[in-house]
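Paired with chain B in one complex and with chain C in the other, chain A is shared by the two complexes that follow.
For the complex of A and B:
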């Protein structure tokens, strides 16, 4: 049985999901030979420390750690002070400067801790540097949850399709945009109506620009380009058009001709734009689903679809990354 | 660099694909630390032996090995006599008695060789026994290519979704049936016309019963049930209805109401039957594509689609299995 000491940094929607999932899956992890102990949870108010693992039930009822923190330590200070093998970073994302996640990841990797994250910003801003920092310190940086939520795209390419050369990936990487376009097409309603509906349902933010302008999708394109295609690109290298200019008339005309209009991210083309996708093609999924078509040299086109977001779903991708670190660390050292 | 001596048994369409793919991917495999040498190829006419690896170009032009065989050894005799680490078994399938593949696999596993196969029959007939034989001899039995062709279903469940509990899998596992149903729906033509078209295109066999009666799909349901759900079921445990009774009228009515009719295999329900699937749902793919919806406890529903068959595509799934054996063998021993 291998003991793994885990620190969680960030206690928003995803952080709650992580605490829940790690607690629920304790037995399954032990059956795999992993004794995972969540020894700390940190948010902007402080840190809960627990040598024997945090009491999930006790903290899941709290919106922040303000009432339960056993220490005032925050951020990098907490990361450096706490003895752990692995940090899960799930603070709010910022894809312009990557903070505070970037600083957190640098502190953890420099300190010889593996990092697992759903936080896009630091990877968009600084993938190459973080990757090198991980290598220099003999630890791993895993980020399946940053692209496509539960859709297991990165591990599918890196592990399952490992014998293939990947020629390109094209897909729907933002559930909010997909929901809006789906509703516009179904009901013939204009963009503003579909957006209001999505906001009422909690699918779109009050300020929806991050999603609808294509920013989120472009961030994912950058992460895929740098991690799976060995490119070295920045956000500004992506040619981005959002969905605000799509009209119900365009959608109706497309439908009549057998097409849907979807916001498609394309790697290595480095484009994000509304595109015609044949109805019935595997990536033309509806609602908040995400999808990705992976073009390979041997296996033809493999498509994967899944929920784009969700607290437990994102935590599930984080769990898979954790397991994968401890399952692959040893062989990678040998081959 | 790890040397791996590989024997190939079976030199039909898939066997040719295997020789081609192993030759094309020699460099990629070496980059991974695997020096794969195809030391023998055996078919019903004899065996090509080559200590330094068979000359792919020389044998790919031959339909059988009759003109190039360097030994008259066949079947189990060849498997036992040839010194190899891993056997690829791709002889024609028989899901009633599993032969000759079953005997081949037993000989290889008993002799301490890993087995990688696209041959459904032996697994449908005797999965439990083969699995035990592999365990007893400290080797692995891998069969991604038996279900869904290039669609990486088994490794996706076993590796990528490893933190999840899988509640069920439902999908389209036969490209021939999917092609026929797709054409009937598109053109409003009866079953017999669509079948003739599929036969003309080489998508359906002269005797199509194995596909259209649901036999092939049911075999895959048995393999998934036994390997991924820990069940112990036989072909006769599956409730099977094929597509020969589906009418263009039923397809048209379904379409009008927003549905497609697809031949769906369901595990653990152990059913194969034509079912209504909402148009636009991720498993409702067209043409010869296969698809599988994987219902999980944490990640929601993940769907994967890919080409159901093809020489190179099937060989690609075999290649992935080979890589996975050498990447996981060591860690599995530790955890």
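For the complex of A and C:
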């Protein structure tokens, strides 16, 4: 049995999902030979510390850690002070400066901790530096959850399709935009109406600009370009057009000719824009689903689809990343 | 040179073979033959479309020979527009001079707008247009799309292009 001390930084929607999933999968992980111990949970109010593992039931009912924190430590201070092998970073994303996640990741990687994250900002702003920092410290940086949520994409390309040359990836990487466009096409309703519906359902934020202007999708395009295509690009290198200009009439005209209109991110073209996608194409998925077509030299086109967001779904991608770190280590030890 | 020919044949045995003879004599490489046996013309003739690769200078010889064999040549000539693409435009499509937008494509000589549908929900609201553009080849389609993107930037129109089926 291998003991793994895990610290969680960020206790929002995804953070709650992580605590829940790690607790639910404790037995499965033990059967794999991993004794995963969540030794700390930190948010902007403080830290819960527990040498034998945080009691999930005790904190899952709390919105923040304000009432249950056993220490006032926050952020980088907590990361450096707490003895752990791996940090899960799920604080709110900022695609402009990457903080506070960027500082958290730098602190963890320099301290010799593996990092698993769903936070796009730090990777968009500073992928190259973070990658190097991880290599220099002999640890891993895993971020499957940043693109397409639970839909397997990065590990699919890096592991399953290894040996293929990837010519490109195109897809729907934002469930909010896809929901809005799907509803507009189905009901012939205007953009503003579909948006307010999405907001009522909790699918869109009060300030939806990050999603509907294509910013979120562009961030994912940057992550894919840098991590899978060996490019060195920034957010500003992406040509971005959102969905706010799409009309129900445009959707109807397209539908009559056999097309859906979807917000498509394209790597390595580095574009995000609404495009005509043939109805019946495997990437023309509806609702909040995400999809991606991976164009390869040996395997043709591989298409994946899945839920792009959600607390438990995102936590699932994080769990997969954690397990893969230790499985990889096992293989290295054998050979 | 790729050429297409629309012919009408009499509904008696051996006519298709007769139509092929002058093509064979002039070393035409047949790309496709569409024989509309069940779509007879009011005169009871059978329409046939040939697409061939051949020396364009031989076309008159072929047409003469076909006529001599009693075959009706409806049309024969260069089949220029072999690729097509659908595009949707959103914005003040009409007010920003739709005629000019179309002629920017048509004036290239290698592409033209062959279908156009317009929806205008209200005077001040953005209208949406569907355009089908055909061109002489795949590269020309890309060039036409580049022109349209340029026009879109200039006239503040959202240009929605089709996703490519393969990686470029």
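Couple of notes before you dig in:
Following the convention adopted for this analysis, the second predicted complex is superposed on the first by the 329 of 335 C-alpha atoms of A that agree within 3 Å, B and C clash if a C-alpha of one lies under 4 Å from a C-alpha of the other, contacts with A are read in each partner's own complex, and residues count from 1 in each chain.
Here is the rule we use: a contact is a pair of C-beta atoms (placed from the backbone, for glycine too) under 8 Å apart; a residue touches a chain by one contact, two chains touch by 3 or more.
Quick caveat: nothing in here was measured; it's all calculated off a predicted structure.
Three-chain overlay on chain A, with chain B and chain C fitting side by side and no clash. In the overlay built on the shared chain, the residue A:305 is in contact with chain B alone; chain C does not reach it.
Once chain A of one complex is fitted onto chain A of the other, the partner contacts of A:111 are absent, as it touches neither chain B nor chain C. Of the two partner chains placed around the shared chain by superposition, neither chain B nor chain C is touched by A:103. In the superposed model, A:53 lies in contact with neither chain B nor chain C. The vertex angle at chain A, taken between the C-alpha centres of chain B and chain C once both structures are aligned on chain A, is 60 degrees to the nearest 10. By the document's definition of touching, of the two partners only chain B reaches A:32; chain C does not. By the document's definition of touching, neither partner reaches A:92: not chain B, not chain C. Shared-chain residue A:167: touches chain C; no touch with chain B.
The gap separating chain B from chain C at its narrowest, counted between C-alpha atoms of the superposed chains, is 14 angstrom. Within chain A, the residues touched by chain B in the first complex and by chain C in the second are 281, 301. Every residue of chain C that touches chain A in the complex is listed here, in rising order: 86-88, 90-91, 117, 119, 121, 125-130, 132, 158, 160-164, 166-168. Residue ranges on chain B touching chain A, taken from their complex, read 2, 21, 25, 28, 32-34, 150-152, 155-156, 159-165, 279-282, 284-286, 289, 291, 296, 298-307, 310, 312-313, 315-317, 319-320, 322-324, 326-328, 330-331, 334-335.
The touching residues of chain A, counted against chain C in their complex, run 167-168, 170, 241, 245-247, 249-250, 252-254, 256-257, 259, 261-262, 264, 269, 273-278, 281, 283, 295, 301.
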